[in-house]
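Letters A, B, C and D mark the chains in the order given here, with residues in each chain numbered from 1 onward.
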């Protein structure tokens, strides 16, 4: 007799446990306004990344097309993946001294792991992390970027 | 047991082993032929009872390959680092401890795979990660022109 | 009358056959290959074959400087990225005898626990999916998103955080950090009981996991099974408790210990750990002391000659970093003791004579992350 | 009554009359068969696609997602696009399969819904075959599907498929019993196996209410066993994704896979339709006691609509099961059948028989 009662009680307990689970899913079924899906390409304009988001390395230029990069190569040394290449050139400045300045700051986005070490170690804060997150390209060469814009020069007052 | 007691006990029990206090934990270096018996002793001795092999790692030195055992006792909560050197780099052979701690079986597979130490009496020594075409990558003289780009 | 011969099941044994579960199998969560020997549905032998995602991190570290190593550890156990980062940082700080500011300790511990929560949430939803409850998968990911947003706001990355640096943390916490974490805790305290309602209490789930894949305490110790998996067997192995680091010495928390060591216990223990993590964060979040976020380190970090070992508790168990330094700017040898590696290889021991569906349940409750195993 | 005006009998009679007056009886039969066949083909194709869409949307809503949204408004054309894709896909036949059986299996699986659907009364007068052993026919024919599943599992020459096929075989053979028994319980109440008559008998009240406790029990068992018979979660062991990748149809591609897929959904419809017919009064509107006004309003809704409202209610219930529960293990599935559902069923038949004998039902 006792085993029969247990048998029936077990069935009811089992059904009850199933109903509790169904209650949870039903709660979400009937509250569709809580849905978490975002319609991505449509809501592109409303998407704001956090200001510290590490999307890609960029070199900010001011309105005079000037940047802060001295071409010291510390970022290149600190990059664990070799995704930064600094090509510098020698110029002769007004005082007649030979000076090495940056020619091309090459950034291989495809090799970057976004570890932030280059930005962190940059002595003149010339490179920062950008907010762009849509890094899909049709070919690999477009993932190699030159960060300093053509014709740009170094800002006044940046120490070597 | 405190570290001092542990060092004292071990140095009296195994006078020819090098016992010293390392940076964090007591360290003991045992000869490769006595290693297995020593490990057995570490586990079975009730005052030490090192029953938990935390980590087993191989290090390639110029003259020999070292296997480092990090041992902990779950009853006494003390920690010991045991080092065993192979005779030389060419015949890198050590006794297995997988009969003492089953977890060592797979750590030793890994060490065999990456450093090329052959563990005798190991039940199932095999390359764990890499296939047969590879050398032993964690050895310092390993060179791979295909996969490794050096700057 | 003809004699009736009674045939036992042993005598009508059929042939065993091999099934490759993986490297691309839905339940192995990555590229793990299990060579399963089956008789009908009964598992007779499981042989894990790893190495499909072996990336040679230990070899790579030998060519990198110490700060550069840290970002590689993100990619091992990607669900416990911050704990891995912290382990390397602590090891370096220990070697250099650097005392990090109190603020750093608090921030790191909060991050640890948030990361643990995120890891357990993903484990919860993924193992729900393994057991066939697909809806759980989305609920878990939904809640994990909140934590990832908190991470992203403070350190700019969601998964591969690379937040700890030798001597401190990379950024100060975001001004919104505390309020967001508190809001998350409040919200998650409400949704966590739903996890129990949906699966833990469910009769089908309990039948699937109770008594399945029992790992005894002795075996757990012998196989070096740590983390929630080991603690479910009663193996007290919480590094946070036994060898406290960062801010863990300052706080009160329980090390949850199980007794049964079956799949259900492993499940229950992780659920309990989520509650405990919430408690830990609550103790810390309002008390973050003011101060620097990093000690000034040398431009080129060189460790003194010697060997250094640091253990931390990740979402999966005990993570160890063993650094052998020869005094140069690159380490001589780095070994990562990953929890998943030791945990995985017990699977043959405990999945024997269970059904193939139980093997999936056991793997689900082991919470394996394959890059953690392969490194 | 008001809903009588939705009767399809005059329409079908008119067609029949027009045909028989103009062409020979043989040609009439052939034409009628063709019409019915084409209608069923269309119905199965369209309803299958609709069900796939509904399942996607329902499951998305349970999971706080939106589901398909890209193809067509609200993703309405998504399943059609998928179906077109499946139609155009290459049919890959793995090298080592048993070619004949491998190709045969999807057809056996798809035949079953075509056969069973013929006895389902969608609305008054809208039923292709009205046997006097209709219920028996449904239970008999629906067991054929398992042969297809077993063949698919065997012929694929894939271990996962084989395990899936064997699981499915064990499961369906067991649950056939429960489905049959719960239907028998209701047959005892109805006193007939003719489906049109069973529906007609529920004019005064649905059997679910008429037969009270045993009917509710039988309904519960039928829904559980029906879910199991359609191989749907939590009983989807045969294709258990996380264990067997896709189970018995792992090796199928293109339209052959679509057959399995379609058959699953049409079987879902048939199980729901049978539950509707036997327990919820088929196309009968919902009446509540003596509320004449309420009942009149209900009568204005056509029988076809009533039928589909009820069917979709049960389909939703079964989908709700699938998207909430974890999967059972093979031995637990058999335990559930042989240790719980079968004893309950046997007891239930006894109860129902006693009740009908003593006239305790309404």
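Going forward, a residue touches a chain if its C-beta (ideal position, glycine included) is under 8 Å from a C-beta of that chain, and two chains touch if they have at least 3 such contacts.
As the structure is a computational prediction, the values presented were derived from the model and not from experiment.
Enquirer: If I rank C-D and A-D by number of C-beta contact pairs, which comes first?
Expert: C-D
Enquirer: Centre to centre, by mean C-alpha position, how many angstrom separate chain C and chain D?
Expert: Going by mean C-alpha positions, chain C sits 45 Å from chain D.
Enquirer: Go ahead and note the Å separation of the Cα centroids belonging to chain A and chain D.
Expert: So the centroids are 51 Å from each other.
Enquirer: Using CA atom averages as chain centres, what separation in Å is found between chain B and chain D?
Expert: Averaging C-alpha atoms per chain gives centres 64 Å apart.
Enquirer: For chain B and chain C, what's the span in angstrom between their mean Cα positions?
Expert: For chain B versus chain C, the centre distance works out to 25 Å.
Enquirer: Residues touching two or more other chains, restricted to chain A: which are they?
Expert: 18, 21, 24-25, 28, 36
Enquirer: Using the touch rule from the top of the page, what residues of chain C touch 2 or more other chains?
Expert: Those would be 135, 138-139, 142, 198-199, 202, 204.
Enquirer: Among the residues of chain B, pick out those that touch two or more other chains and give their numbers.
Expert: Counting only residues that touch two or more other chains, chain B contributes none.
Enquirer: Taking the top-of-page definition of touch, could you list the pairs of chains it picks out?
Expert: Every pair of chains in contact is listed here: A-C, A-D, B-C, C-D.
Enquirer: Within the complex, which stretch of chain C touches chain B?
Expert: 50-51, 54, 56, 58-59, 63, 94-95, 219, 221-224, 235-237, 242, 306-309, 311, 318, 320, 322, 324, 332-333, 335, 337, 341-342, 345, 349, 374
Enquirer: Name, in rising order, each residue of chain B that touches chain C in their complex.
Expert: 22-25, 27, 51-55, 57-60, 68, 70, 74, 77, 81, 101-103, 105-107, 110, 114, 128-130, 137-138, 150
Enquirer: What residues on chain C touch chain D, complex-wise?
Expert: 17, 19, 25-27, 38, 41, 128-135, 137-139, 142, 198-199, 202, 204-205, 207-208, 355-358, 360
Enquirer: Which of the residues in chain D come into contact with chain A in the complex?
Expert: Per the touch definition, chain D meets chain A at residues 58, 60-66, 69, 320-321, 323-325, 340.
Enquirer: Over in the complex, which chain A residues touch chain D? Could you list them?
Expert: Those residues of chain A that touch chain D are 11, 18, 21-22, 24-26, 28-29, 32, 34-37, 39.
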